[in-house]
């Protein structure tokens, strides 16, 4: 199926500028700075990948970008306008599936249009198109628990794309899948991205995933999070896994990134006691619920 | 005697030194700088005695250069009492022990030495201000002492401090005050007051001011309170009468007996039901057959079966608790991940060891959930049993007050019952927290 | 939910042990002296020293044998009064239970959704909750004009607390990611309530109502016994199963007590099974897998 | 060969050779009759790190369970240093502290402190007194860089630390073989790479035979002396690869030429099985 069959608006805008953003959590003297003076730009139409040690505050950054929380200092600008709250322009695909367990695949995909009262023929047609695209046609009436891990992630991608967001924000979307399924998902996702050409912001801890997907790689420091290095991954698209393994350029990027990440990971590792990051993660989860 | 008096050290130099010592290695720079602020450098000549066993344990020492002979007093029971310390070694850790105000060892300088001295009290205070980091250091001290000196006994004391750090973290004045002030700033206390005043206000207005149709017969709040606080109660029961406490005591005693009996029988039964499929196959059907019968339906049979009313009442109270406890214990055992028992098998545990080290502690969270429910239902059935057949007890008070038309006493009985019931279940909760430290600490971290 | 495997061996074992139980019961009650206080006479001295009284021990001989129970049941089963008791109790349970659902679910949702409502309502709720429902019986008799209503009120109370607690707990434990996902797809507050909070709370409503149903039966039986079985009638008819038991006791027909107990057990079992199936039906996403 | 443990400092290990001969495992032989392992043959030398790679649910864990003694086999034979663990005649081996398992989701007892967890084995076997076991545990934990967490409960430390503690707990018993069942599956990949180095470090000190199950080819080639790529259900070796990258290794290996060549060489075989498993998984779904 090709694109001219589908009623799909062209995405033209979507550039995020993060300017001197800081954020801390915790009470009184127990408070900890999780993100500190963070500065970077997510360029229009590009796939920017952020990589850093686990629990380094990447998820906090995502909550800030999505508008679930606000920075203590600094600004986040979307096409020059500060972000005021969650919006369908910036769609988040979560780490581990956030498909509504009480809805079938079909209902999940249609959630966005239905919630906004835009459930029309066009939306249905687009949903049908997406369902085919992610290969879940036969599974439309299944509940998420009946789908395999890989299928859940695909359903989630479809649920996000039906909203035509300016920017897709993905928080370790393939975490927890086994290595083999994961690799299949990468090719799949890269393909979707290449077709749509919209701005994507992808967060991961997997170096292979990062190098394979990224146009631009942001490497973050350990907590408090800052941008440690930016690497442009100038490997031509479309990319295939087999080619990436043999590509010298990809390997050079991997080597460079690995050296930095290894150092950062070691830093967080040397502390035996529950890492500060774990504490902050836990705290953030708790306060988000309360 | 030191050849030189205490002199301040530059923080940067000290940072380097502390980073090279085992207990302080992993501490953040910020913390190290704070430690640097309470540290002094002191030089000794060969032959100087730094301290004798029994002397006051004030400072902690770190060797920068030179050699120190460190000999633990015989009373410490160390397996390796004598040790020569050099660069990077830490000694004088008696200053950090809980119950030891005095030195445990003798330290003599054998080669001109430069040492860093840190006041133990000050150091502990620094740890308390950042319990997370303090914890790591204390723990590393414990490791060091066991490894280098082999005196496991002392570890307990370090651990005591380490626990205290935890406790202080939770109850620390600062945090508490901060939380209280935040609570007061939030709308919650005022909403709570509003809610309670609406409730009591409605009660007052409906019964005593407007005398609404059906409410007129109900005892009003002022009547209840004056009766309750009256030294000479109109209906014979108040905070000042001996009777009142006797009823409470009788009810509490009955619940206690029934609860203890239910726990003593229910927990083992539940453990076996969950542990052995054979036991479960045989016994569980009988259990399931009897369980749907409401406890109160047992009342007449209980009266018939027991000659003494007292034991009938306890039997009924026991029965409800027993089912709750046994069932939850069984579920608890069944919920234990198979890999725990497998791991124990791998590590060479016998069947009975698996039972006591894995099954019992693993089921504990569910057991306590069961006990929590069990207290609740035991009060529930006690009240019913006392109402139907009993002399004394809060349920009896409520029922007879009705038949004797002492209406305010009914409400007094109800309130007392609620309060006593609340206290007993709180006690079970506290006991559970005490026995399951690991869960308390996990939950405090928000780990699960 | 795990698929239940039909295990014929386990079934045989279960039937065997139930049979053993019944046989022991039969023997125990027929012998009249077995497990009596007298059988323990050897221990009496020792127990007495510990402050025990022989009267503290159960006397199985006082309980009618299973065979007698079956005979009594055969007689009662043709009595329309017995079936009317079923009906009365069932109606009371149903009424109280549905009232509790009707009030409890919206109340619980309000507490869960609105911080203000929670701040005002929850402390009062927590204040009243430790008072066992049966302690309300006399107060309820005084307040309500008819005895029927007072029984219904206590029944309602029994299920109400459990349902509210479960609704509040369930709504609060919904994963934040679902809210965030919904928000980032542009849902309104009303939409989040309808499409996320409601279905997300449903499983705990089902659990809460199952527990609530159990409590309802307990309360109904007790209330019927305490208040003397409904307004008008005497005899076996009309008072509900709780009164059926009480009346059998007063009338000295002990076989009928056991018949009543078993009947209530069956009734409770049926109602909780019905509820379980209904719960499965309304939460289809939990049924699979 | 440069990849052999014999080249390591401290002499060659002499114990812990596992031989798997013609092992077959059929679940529910009467009814559904699902074949999990099909005539599997595998030789693991003493002190070797053997990586078992295959898609999830292919039957790798069945093999591990047979060695550990959690499940019986249908036919075949498994020996450890020539001693028969299980065979057609005696289908189930007895779990013992010479073969310790590190579980996929971790099985540190949450109700014991980390120290007591590590000290658990010798105390249970009655080999050491409580105090002695604790002392040994402390020094082993310190050697593995785990000081500072001894008196915490497992729930209080990060998952990476938990896995290291679990490995130390296993090594406390001086086992012949360590059986690891996808121990790093739940960790993120950066922590994982640090964990790999930590595991190798421990291995260089103890040189115990390691039977390591994974679905990650990179992990397998990075750690292993030998990599057995298994077929999707029923499970048996499809290809056995000897990794000739010299030990000791560090993360630099990941970007070396030889490493990439090995990945390339095996990628196809693994990918094929993955797609097979993926598709059959979808059908089941």
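Assorted remarks:
To keep things simple, chains are lettered A, B, C and D as they appear, and every chain counts its residues starting from 1.
In this section, a contact is a pair of C-beta atoms (placed from the backbone, for glycine too) under 8 Å apart; a residue touches a chain by one contact, two chains touch by 3 or more.
Bear in mind the structure is a predicted one, so any value in this text is a computation, not a measurement.
Compare each chain's C-alpha centroid with the centroid of every protein C-alpha atom shown, and the nearest one belongs to B. With centres defined by CA atoms alone, the chain at the far end from subunit A is C. Interface comparison, B-C versus A-D: the pair with the greater number of contacting C-beta pairs is B-C. Subunit A and subunit D have centres, each the mean of its CA atoms, that are 33 Å apart. One finds 42 Å separating the Cα centroids of subunit A and subunit B. Distance from the subunit C centre to the subunit D centre is 51 Å, each centre being the mean of its Cα atoms.
In subunit D, the residues touching two or more other chains are 147-149, 152, 156. Across the assembly, subunit A contributes 146, 270-274, 278, 285 as residues in contact with two or more other chains.
Multi-chain contact residues of subunit C, defined as those touching 2 or more other chains: none present.
By the touch criterion stated above, subunit A contacts subunit D in their complex at residues 51-55, 139, 142, 146-148, 150-151, 172, 175-176, 178-181, 183-184, 205-209, 242, 245-246, 251, 254-255, 258, 261-262, 264-266, 269-275, 278. Contacts from subunit B toward subunit C in the complex involve residues 187-188, 190-192, 194-196, 198-199, 214-215, 217-218, 281-286, 289-290, 292-301, 303-308, 310-311, 315, 379-381, 383-384, 387-388, 394-395, 398-399, 401-402, 407, 410-411, 413-415, 417-419, 421-422, 425. Residues of subunit D touching subunit A in their complex: 55-56, 145-149, 152, 156-158, 160-161, 185-191, 193-194, 214-219, 251, 254-255, 260, 263-264, 267, 270-271, 273-275, 277-278, 281-282, 284-285. By the touch criterion stated above, subunit C contacts subunit A in their complex at residues 172, 175-178, 180-188, 191, 195-196, 199-200, 202, 283-285, 288-289. Subunit D makes touch with subunit B in their complex at residues 68-70, 95-97, 99-101, 103-107, 109-112, 120-121, 124-125, 131, 134-135, 138-139, 141-142, 147-156, 169-170, 173.
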